[in-house]
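A, B, C and D label the chains in the order they appear, each numbered from 1.
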Amino acid sequence: MMTGTEYIESLRQLKTEIYAFGEKITNFVDHPLFRPHVNAAAVTYDMAHEPEFEDLITVKSHLTGKKISRFTHIHQSREDLVKKIKMLRLIAQRTGTCFQRCVGFDGLNALYTTTYEMDQALGTNYHAHFVKFLKYVQENDLMSAGSMTDPKGDRGLRPSQQADPDMYVCVVKRTDEGIVIRGAKAHQTGIINSHYMIIMPTVALGEADLDYAVACAVPVDAPGVFHIFGRQTNDERRLEGEIDTGNARYAVVGGEALTVLEDVFVPWDKVFMCGENQYAGMLVERFACYHRQNYGACKCGVSDIIIGATTAVAEYNGVARASHIKDKITEMVHLSETLYCCSIACSAEGGKTPSGAYFVNPLLANVLKQNVTRHIYEICRLAHDIAGGFIATLPSEKDFNDAKTGPYLEKYFRGVSDVPTEYRVRMARLVENMTGGTALAESMHGAGSPQAQRVMIIRQSNMEHKKRLAKKLAGIPEQD
Amino acid sequence: MMTGTEYIESLRQLKTEIYAFGEKITNFVDHPLFRPHVNAAAVTYDMAHEPEFEDLITVKSHLTGKKISRFTHIHQSREDLVKKIKMLRLIAQRTGTCFQRCVGFDGLNALYTTTYEMDQALGTNYHAHFVKFLKYVQENDLMSAGSMTDPKGDRGLRPSQQADPDMYVCVVKRTDEGIVIRGAKAHQTGIINSHYMIIMPTVALGEADLDYAVACAVPVDAPGVFHIFGRQTNDERRLEGEIDTGNARYAVVGGEALTVLEDVFVPWDKVFMCGENQYAGMLVERFACYHRQNYGACKCGVSDIIIGATTAVAEYNGVARASHIKDKITEMVHLSETLYCCSIACSAEGGKTPSGAYFVNPLLANVLKQNVTRHIYEICRLAHDIAGGFIATLPSEKDFNDAKTGPYLEKYFRGVSDVPTEYRVRMARLVENMTGGTALAESMHGAGSPQAQRVMIIRQSNMEHKKRLAKKLAGIPEQD
Amino acid sequence: MMTGTEYIESLRQLKTEIYAFGEKITNFVDHPLFRPHVNAAAVTYDMAHEPEFEDLITVKSHLTGKKISRFTHIHQSREDLVKKIKMLRLIAQRTGTCFQRCVGFDGLNALYTTTYEMDQALGTNYHAHFVKFLKYVQENDLMSAGSMTDPKGDRGLRPSQQADPDMYVCVVKRTDEGIVIRGAKAHQTGIINSHYMIIMPTVALGEADLDYAVACAVPVDAPGVFHIFGRQTNDERRLEGEIDTGNARYAVVGGEALTVLEDVFVPWDKVFMCGENQYAGMLVERFACYHRQNYGACKCGVSDIIIGATTAVAEYNGVARASHIKDKITEMVHLSETLYCCSIACSAEGGKTPSGAYFVNPLLANVLKQNVTRHIYEICRLAHDIAGGFIATLPSEKDFNDAKTGPYLEKYFRGVSDVPTEYRVRMARLVENMTGGTALAESMHGAGSPQAQRVMIIRQSNMEHKKRLAKKLAGIPEQD
Amino acid sequence: MMTGTEYIESLRQLKTEIYAFGEKITNFVDHPLFRPHVNAAAVTYDMAHEPEFEDLITVKSHLTGKKISRFTHIHQSREDLVKKIKMLRLIAQRTGTCFQRCVGFDGLNALYTTTYEMDQALGTNYHAHFVKFLKYVQENDLMSAGSMTDPKGDRGLRPSQQADPDMYVCVVKRTDEGIVIRGAKAHQTGIINSHYMIIMPTVALGEADLDYAVACAVPVDAPGVFHIFGRQTNDERRLEGEIDTGNARYAVVGGEALTVLEDVFVPWDKVFMCGENQYAGMLVERFACYHRQNYGACKCGVSDIIIGATTAVAEYNGVARASHIKDKITEMVHLSETLYCCSIACSAEGGKTPSGAYFVNPLLANVLKQNVTRHIYEICRLAHDIAGGFIATLPSEKDFNDAKTGPYLEKYFRGVSDVPTEYRVRMARLVENMTGGTALAESMHGAGSPQAQRVMIIRQSNMEHKKRLAKKLAGIPEQD
């Protein structure tokens, strides 16, 4: 397993093609816009070497018996699913942000289980290819991006109905050696600092959409692949200094990109689905549920920081003992731990798939994510309430350092007299940035938008059974 | 283990003294006011004999190795805690109401763990007494009431500060044979159809309140014990007929009473705490957490019925396919399953106590109950929304049966033409009664009022740790 | 104008045919099931004679110049609309319940404005007929029921598509003298103690539904008319005693009935619409908006009582100074006054119709009612929270009066020592009954169900204008 | 009255001393960081000259009889209060942001009414001074900042208890000519582009805090006054281009500064309170209520834009007809119009003060602002839900303009095929920026933090009256 430093070095070896702010980026690893994201991912490597977390972050491979990072593991039990949750919360408590590595992790598990069942049903041979790739990932401790979301164009139309056929990634050519794919993947979390991208379709597909039923693994620096980095709330503050970013070391969200696939060749041994449209839906659902499972873990870890920071600001403001402040902090904890409950529950209630790998309880995983789309907003609202209006009107770090204005800001932004003004400002900037735009939108749309969860919740809820139970009690024959 | 019928017969053997509506009740077992509650409890006996639920509802005693009802079991693992949840939801799906037997179950587990730790620390000998009693309960498959809540008088005063010293149950005499206790216990769920009551203190106690630190087991028909039954929403409908009660067989809430203890003698071998005030708080907390654990199980089972009934009414009204109806039903499922997640999580995250018995995660159990005090009201609100205003204006069953009015009601209360009006009325009455006053208040105050949970949530949430995490990210020395 | 006593006497002169609990009721005025509803309506008569409310509850008729009850008035200004609101809140603060008289009041205003515009457009002569009837109502100070809601059968079908053509009131015969109508009206608030019913259609109607486009005035004791009274939460407690009903004098909801119209003859001068289907929608909307306007007034007045009662219980319990109690009471006030704001706003923003009468702002009236369907539930939830679990487990009044149990209940249900137990019980019963089933459902469905309001909110919100504003700011040509 | 252009020119005449990003700003009027705020305020000048808004935005001065901007007017009737609301919503619909001029407007009205009552009670002569200043403001159509919020230091301590006595603005010297004040005012909305600042105390003051009881008018460029500009979410995007700011012309929030008062001299005729601590509380409350009144107007106007923009994005995405999208947009309208209702209501329910000026209903104004602190967050949450995740991952404007990446972004960020990608991006950026960090925090803390409103709500709600009403209905003597 790599250390964080080795991971960072491994990124330098790649020829990843990245664009941002109208420029081609030559050394993203050391670029202040990207480095915090790299640092956050590096924590997943470093913590694996810390003895106290060994049991959580490392695991024995069921393929090779060797010790591997859990991020490359296939869940072999409910306990594995629960440990995933604990690992994610723990790392989020250190980074205070998205560390990006769960997406590929979920892609690996989704493909492992789906290719197995697809091969069983259709007689294809994808699972063996996939296991070979998985071993390679495990042995080299690689970071993968989970590449599912297509640009989608007109959301009212299926892939093959789009005016532009490239709005969903599709196979444009098949040869003896492999396939050629074209299109793009949007919202690619962590992709610029990954080694591989795990490409999957983004919707269930019908007969008309066979060419869109494609799953495969592609190096992020493969010929034809390039990445256009998305901008985030307050991203330019990273180029200026440290304090105003809130979380200078790790940033407050994961970095995301639009990844363009311009006629990219993929050899057959890295192709895990090609035309089996009837399994696209299963793959999407598997990935979505594995990924939704995470949000009560990492967002709860992130909320731990928001709650701690908000409490600290309240102390610095001199109001920590006010009953309404304590009550609001209690509410923040309540909302956050409700998310954690849902993550634990969908893991503890997981089940074994035909491949032997464990899958989360899909109903509860969707219930969880639906709660995330609400609770994180409310947690951030309460953080704003408690922290106070100055999180929105603080002058810049440069003003604090300026000879003329600095002393006045030092004087007038002090809260309780025994806490340095700088601490109060640092904590306020942490709250501000962790509760702002991109971080909120990520809670809403990461792992799928709210309506996607609602569709799955009602589908999974066995309404016929509920009606039968009610009829029995009401004295109505069950069949009526 | 008894069957439901044997359980009901066993109640006839008792001399339980009950008052209701200004009368002394001579045969409560067959009285229409009480029989539904008896029936609901009897389901816990009957289902234990159904093979498909054997693994859930029966278990091997860790004391005797014999097969016993889980309701008399001491949790030996996290799996036991999780199975408790599944059992409770399952039974609630059959009864659609409180079956009352969990309260004593939780009292047994609370006393088992607390007496062990108390004996270890203080050198007392309560645990052995308790184990003896527990074996008796297991062998005879008894139902116990968990008797915690005292009348409490002025909530701003401690027990010994009350104008009337009997506002909390207290020891008024100690002899060589045992103790004499006086006072009352309020909100005694299921007590009239229990065999024993497990008396516990209701608050943490100081040095001034030593005589209030008392725990013991008392037969519900012991000399000096009598019960005044509380009235419930629409309780008199039970005396009239079947349909208007909604759930004629099991009622829609558990029956509750004020139990008066008028100088009741308890022999020493049934006394499990007497003056050890420093352990009162632990006992209260253990019981509260075990009991709060349940509410995402039984209330979720009850909600399954409400959701099923509401959906059926929507079908009978001809609106089941409207998008806003489907969306509201989805929301009901979402809210209900969130509660279930919390019950699963506080169980799966439980831990071993010094006695070897398992205890739930107290933070998550309190988070769960806090959610119950909100979600059940919202579920009922949505049920009202979907079902329609006629749940509040339906004429009585007698009017439906009347020669003059019956045919008109039959005609004008019909919904879709192919469903008998009676079905629509029955289902509406089920919704009405399951979402009314007492059922709501029970969700609010059962297992403790909301503020009690908030106090425990903030106490259990390790705020110092959260602040340290935030300071590290904000670049502030941890000690500041 | 009549006094309350004269009003009650006037009811005795009617031959109103009423059925309840399987019986024909011979003297409803003095029957304990109905008398509280009669008393509540009588308050609208009595308060008109109290000098301090003269300006609010009486007004000069724009038709005759005479002083009349505002309940028979046609709004002549925005100030009239606002005074209506203040009057309703004031009366609700005295009755603590629905006093039923606003429904007919709203029917009068809806018909006044609609018949005027219909006559203008179609050359019909309904307005003159209506004005004649209105003068009669004003001069005799009559109470009218607003009879809109049809049974509706299958909600997915239009009136003429129903399996049973009577599911909506329709004209079955036309003669030179008048028309004959058949069908029923559901949820008829206050009808048993009204003098007239104002019949209106309940939905917009198409060409196929011409016979359902009928509006007219019918005496509640006309031949062919009879009423089957709906049962309510805890209605039977009225037959037993006083305390357990909570509000013995006025009940906690308005009385409602299914009114059957069995081939009822209506002379032409009482017919205000007959076949003009294109005006059915306007009439429904007018009535709905006038009626929705009220709910932030009467429900706010009712909430004033709930808030006062809850605060009193908190004091009796000894917890009124706890910060969380004060915060929850503040929230109850906040929610209630938000409703009041909406009632004031839709009135103050009302406008003049072609007839000269004033109409509320329809967007804001619907926003108001939508809030009612949420806030009242939350207010009741908070009342349960604060009052405590004993509202759900109190024994009956008979037990308090019983020689054996009375002294124990007196002893153990005492809160703070200087308040009689009876006061605490009375206040708890008031809270219990005001926050129970029927009262909640009335807030949900009275004046139309939530989805009806949402349809009107979006229709009234001028989305095209909002999009144009956004495009201008975003730098997008408005037409794109 | 000035035009917008004249207003902007008038700012150039001032010597306002401004610092931002560590630099002294020499020409803020044309600086891209400040110009949008100047533009927004200029709209209040320009619209006064548009004939269709004349009745709303201009008014006859009660002092001079001349036509003036309503922003310098003293409310002479409830109608004036209501017109203020309509004016604010209208302007916000054009700017999509804070136009800053209401703060000084509210300060003028608060001082007008308070100085009158103070003079009456204490025999002081402040009102005449104030009226003289007011005439000057009206005649010159000046923009004033309402300068209330002090830095406050330790929020648990009173002004005179602070370790640093300057944490609240105080009088440090009194001479025959005037006074000298020192301190700072925080969160000064619009101050850099105002002419005058209206200084007021920020809390009720006791005997120990006499020197802090100071109100006066000071030119924003007076000697000793300087401003340190606060940074906002994404403020640096203004320095780069147009699209990414969302609202390039007017920004998405008002500009705010910390204004330092370094021993500033104020002549007596501009002093309106100096030592009358007993009137500080009234002045604070008057200002707070007048200012809270606004938030259902301007925030509703801003929400009109957010709703329009979100709807447009939904159309561009191809999902506008989905039922869940329509339902969420309906909810946004509902929440926004609820705020508007509260603004109308607190205005329509306003009353006359002893000075003849009208004051809003303080209970309802606080209820309104409390709703703002919740509804705006929910509106923004729904906007995120509907708009989609791409608002958080869009590449920068520069990438769209870049020769390499531009065509790919053009291709892959297209929604429905007939809408240019640029439109979709522009609208998404508008949504992103209007729903981000600073805009949210402004809704929370502008015009006072939530707890300040709750304190006033409970204080204004006449709980004793509510208890009396409840006791009467419960049959309890009123005095008990």
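Here is the rule we use: contacts are C-beta pairs under 8 Å (C-beta built on N, C-alpha and C of every residue); 3 or more make two chains touch, one makes a residue touch a chain.
Just so we're on the same page, UniProt names per chain: A, B, C, D = Vinylacetyl-CoA delta-isomerase.
Worth saying up front: this structure is predicted, and the values here are computed from it rather than measured.
Asks: Among the chains, which one keeps its Cα centre farthest from the Cα centre of chain B?
Replies: Max centre-to-centre separation from chain B belongs to D.
Asks: So how far apart, in whole Å, are chain A and chain D when each is placed at the average of its C-alpha atoms?
Replies: Centres of chain A and chain D (C-alpha means) sit 38 Å apart.
Asks: As a quick test, compute the distance in whole Å between the mean CA positions of chain A and chain B.
Replies: Taking the mean C-alpha position of each chain, the two centres sit 40 Å apart.
Asks: Could you put a whole-Å number on the gap between the CA centroids of chain A and chain C?
Replies: Once rounded, the distance between the two centres reads 51 Å.
Asks: If a residue has to touch 2 or more other chains to count, which residues of chain A qualify?
Replies: 324, 327, 454
Asks: Name the graph shape formed by the protein chains and their touching pairs; answer line, ring, star, complete or other.
Replies: Topology of touching chains reads as complete, every chain touching all others.
Asks: Taking the touch rule as given, give the residues of chain C at its contact with chain B in the complex, in rising order.
Replies: Listed in rising order, the residues are 19-24, 149, 151, 153-157, 162-164, 166-167, 184, 186-187, 228-234, 236-237, 244, 253, 256-258, 260, 317-319, 321-322, 324, 373-374, 377-378, 380-381, 384-385, 388-396, 398-399, 401-402, 404-405, 408-409, 411-417, 432-433, 435-438, 440-442, 444-446, 449-451, 454.
Asks: Can you list the residues on chain B that touch chain D in the complex?
Replies: So the residues of chain B in touch with chain D come to 323-324, 327.
Asks: Touching chain D in the complex: which residues of chain C?
Replies: 82, 93-94, 96, 242-243, 246-250, 304-309, 311-312, 326-327, 329-330, 333-334, 337-338, 340-342, 344-346, 348-349, 363-364, 367-368, 370-371, 419-420, 423, 426-427, 429-430, 454, 457-458, 461, 463, 465-471, 473-476, 480
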